[in-house]
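One chain, chain A, appears in both complexes that follow, with chain B as partner in the first and chain C in the second.
What follows is the complex of A and B.
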């Protein structure tokens, strides 16, 4: 076996042979073999919980595969730990962010390098970083702690980090789920250009067929941990791909919009708050959410949507103005939320709406564990009711989990999303406030969640939909607002919505 | 030395001198704890380490006749305590706070056991610099008697702040303290980093102990520490895990601690003992004043069991 020379330039290939991964008696990956040829853009498809993340984590040495082997650049590689992957120039952008929250972007980049000098000369490092950034298609603020960046910015930084490290095989786990379609195209076309030039090989996990058709050369499909098909992208139709993914063609629903009674439910009047940096203000002058409508809030990530969500969930203190629900002042306490039947699905639900180390069943019980049938509170926990509630929601929302007693943190990204949505949509709900509800879901799940949102709307629920996916906004909303730099800068009913005009307002050129 | 009549000026001077004297162990213990906590672990055992450092430093200084050898021995003993703490915490399901409390009692018990023979003899003291040579007011000269370890502590605070900002080791400690997952993804071994950080933190606490027995109060007794090792942990929180702030906080604390004796020295005889509580009241007051309803504790390492 010849020694691997890490200084060689150019893309490298990776082959997984008979990979099996078991968690206890659960087989997440079952004898999967696939080849990612050097210099290709390879897409990995599969529904939520299919084992995609597990496969790539095995490739990266983050998990140790129970069985199977790995060839990197044609040579056998034993991935003992992620450092090994790094020396072989394999890099990965994980689905759950792995940036260090309190370090600045610049510090994150520099420390991730294998050859970080013992003493860092920040002036020259900054010069080099700036030069590197100048050659990139997008940039992020380098001097802010990463915890202050919005999801989209974090994702960009993750990709930048891999390019900065000079990795030649890049795994992207749903890199675009937090980007706007425009941003996604921009990022992917840049990545695509690098593969065409044979500088890097890319393995991208995605749920978006559009991206597969537009950017990928080849595709592999996993279902329930097994390899079920793949090939050249040009030679496979979207139907074939989705059939392989789901086992059958998905049912396309036609979402009928019922006419609903629209009465003002939730109002924001002159609301001001500090943004996440503490330097700028969020100012929402006048927004009214009506019953029976979906009010979409569009905007490029980092323009105050995250703060708006926090204002509405009571996580961010108001510096002025007020929120009213049904005419009464509202400060988003649990009691008020319960009285007014307001529910939430924040972004990154594992972090913002779950107790990660508690079980799935317990997490699903957050809305009901202390509620008695007559609307009061109970003192003793009702284990039977909690178990029944969990079983109902797991079945009803198709949550894939090894058992209701499993820690919710062990669920795949999409399944966490489904579980939380299930919890928030049960019982009587007057208003639902959601942020990026389809972040990281496969298309069947996306479609079922959107169905549920429309269904809730048709039943008279008021839905505030904050989303960075403009397509989603246009598909679901009755009315569209655009947020830019912490303010609502534009409003239009869906009938007269014009993508170009909305896009301009999103970009801040109103 | 003749006392020059300087009236009420005696109070701030006494406080200054007292602050420098009293704060030195705080500086070392809090810097040690700061380093450990920045790596995502909390070591409550530093009180025990401090007492054991005081004993071993004194004993070795007495046997060898050299106070610096004593300080070195205290640092080594402290490092051993830290490493033991770090090693135990490596095991699954072990809680660092519980281990810390056990280590505190263990360190104190061990120190009392081995320290019995050293309660009587007199070990050599650590030297001090006379930064007040230019003045002929004896009170000022007394206040500006600055011990070596205070100066070393100040330099260490600056060095540690620089380390966290501009060295690989410093960034690695912060990465591990902030996100075990990110650290693993980088191929770092969080347990190893924490082990070493706890060891180094223990060494610093040991030095703080040696100061107690070798400079001020300057002898080994079982009551040599009055809870400095525990107060230093509150100090770190108040200093928001910033080494430079640790230094200032320690000084402020020392100053508050010197308030009672200073008032006593100018003849305030009534109620001055209330001022002995000043450091504790000060900590409470400052922690409340600097807290914010909007933000989580700023600068807290996210892997810390305190903030999780």
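What follows is the complex of A and C.
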């Protein structure tokens, strides 16, 4: 047993012994034991809801494990709070950036320290930073505001920040989810080099097998809160890992693609709009969505996909160009959407497609509450029809709720997604505009939603799929477009789609 | 993780549905009532701190507001403008807008009604009265509807613009009453020309209060039906709860916002009409009585529910009616009632954070008993 000294440098090990975490009746983590040896790059695999975040939150002191103990560097550690983790030199890089965008990289590093003095002597801080950077295997520009850095640079800065803080055990929570494949490889190979040099130990949460095989030494797999397998990466095949992760072979329909009639349905011609900041333009020169196809729009988060969704839903004013549906001008009013049978499934449905303080039944009624049987609009609300509609959709889409009268905000994410999907896919649907439909859902929910999308496509529905998950795009699309800096920069049919080429265009190197 | 960290939902029959409904209602009633009582308690401490008796205060409120036919008349005369001013807050609130400038619409509505009154002097009284009321509602609706339009078209904060527009409205009324529309006979209190007797709104039979109370009750019923029973009200509730969701549904958010703010303004304008036609007989500075501001408190205490506005308006009407008696008997300034209202208001706003947080309002809490 080595003695623990917080000033010492070098990688440290972490061991979880029989960790159990319960929330009420629900067991999120069930008797999990695992060892992350010093100087290893350890991958933690698991589907959404498998207990990965619960485990790391216990390690980082955000949660107090119901049972079990934790050894840091061989010594028992009681994680009373996140400060304790800091003292023990455990650090975490979150999925989304925690840097202050308006400050420079240097400023972000200095203010992140717990012992930053009230008055900062920038000159001496800068000297120390330069010395620190000289000893690092990679660097980032220190004097630019973080908002000007590319996503990969920001992620490197997040990792540098942890090293700067002296942390010797890093948890990376899906660190590549906002990076292009090229950026991801670069960042991970730097991390890999640091672990090989025994500077740090890394535990990376991920669900990408490719990254595990290419960079990690060891892997641990969780499913439904239990440790279900693991070992040296070279000694486990991807098939073994995926079987452990998914459990018994998941029911995946083969998602056969029927031959469909492809006729132009929705067209964007020379569409321009301001982006979220108001400083840049979104320019969609020429995009056509055909019936019976899934048109995937790939891109790194923040390259205009959100704005495109808002343009299509009528939330963002056009500064030029036009949208046409079946040849007629379209501005996404309720009447037009109903006449052309266009439906929407925005990302984070609770935030973008639901009224959180209204009931489940009321939320399910958004499409039908003002529609008469003959397609016209009605003035008096029909409470009976709203209740029947709710009962049908709750049963048909397996929405788990205590009651149709419960607030929709009380439902779990998968249930909200199913409720909204049910609402939007009921009745005749000619076109469906979807944005990140599977974000944050577990395997079963993802699978059933993708099945529904393919089924709709096979029935002739035109589907525009905006997604930041490239795997999802490649799995579902008939055609792939890439968005970069507000423009469509690349188009390819799925048959000739090449992940490296798409990645290049996502990164803006056309 | 979030999707599974939830406590799994269990199947429930209709018994659970009625229980959930009951819980929502209990929460909606008990939290504001509790906040009102807490506000009253806080005000009692304030009175004790300045050496006055809270017991005497509340006894005087009872005496001046509710104990006799005379005090009820005093209270009810305040109910009509309070109810209508509260609707000017409650209707926009359904769309998520906080409008606090109903006072401006009352003042301008009164002015429009008084000026129209001189123009329709020759017409039959019934037509004249309706024309006056419509003129007041039109100007009030235009005034508050403009605030809604500024909000939705230009992103101007409606709370601040409505407050500032109320000052402009008061300045405009003063200008017209002291200038173009001044009755030369009104010497030390500039006013418009007094209405003809035939255009004055009288008292209801058996009740010592004018017909404005009936108009207020009808307006509340109208609003309740609009919100709870029509598809228009349903669309407004969606837009008020999550404007993004309403936009994705293609709902006409702009028209809903402008429509609901204008309707609220029209009711405030109607309050101005009744103040002129039933109380003052002409438009003058007496219109600036603060009903627009007390109406904000009424609407918040009623949680913007039009039917709840009625009893709350009666309660606060009673408090306001007791202002004079409290001033004389307790030797307190007449702003005392405003201190009381302010304290209640702060606690009402604090209580908004409690909705959905108290375990006693969840069915699970009662099932475990």
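Just so it is clear, the second predicted complex is superposed on the first by the 265 of 510 C-alpha atoms of A that agree within 3 Å, B and C clash if a C-alpha of one lies under 4 Å from a C-alpha of the other, contacts with A are read in each partner's own complex, and residues count from 1 in each chain.
As a convention for this text, contacts are C-beta pairs under 8 Å (C-beta built on N, C-alpha and C of every residue); 3 or more make two chains touch, one makes a residue touch a chain.
Here the structure is a predicted model, which is why all the values come from computation and not from measurement.
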* Considering only the touch criterion stated at the top, classify A:127 as touching first (chain B), second (chain C), both, or neither. => neither
* To do: Would you check which partner chain A:314 touches, where first means chain B only, second means chain C only, and both and neither mean what they say?
  => second
* Who touches more of chain A, chain B or chain C? -> C
* Partner chain in contact with A:107 - chain B first, chain C second, else both or neither -> first
* Which partner does A:356 contact after superposing on A: first (chain B), second (chain C), both, neither? -> second
* Asked: Counting only touches as set out at the top, which of chain B and chain C does A:18 meet: first, second, both, neither?
  -> neither
* To do: Tell me which partner A:369 touches in the superposition: chain B (first), chain C (second), both or neither.
  => second
* Asked: Hey, which residues of chain A end up touching chain B in the complex?
  -> 62, 81-84, 86, 92, 94, 96, 98-103, 107, 110-112, 116-122, 274, 316-317
* Structure fact -> chain B contacts chain A in the complex at 165-169, 171-172, 174-175, 178-179, 181-187, 293-294, 299, 301-302
* Asked: Mind pulling up the chain A residues that touch chain C in the complex?
  -> 23-26, 28, 48-49, 51-54, 313-315, 332-338, 344, 346, 351-358, 362, 365-367, 369-370, 377-381, 400-407, 411-415, 440-442, 445
* In their shared complex, at which residues does chain C touch chain A? -> 1-10, 12, 16-17, 20-21, 24, 228-235, 237-238, 241-242, 244-252, 356, 363
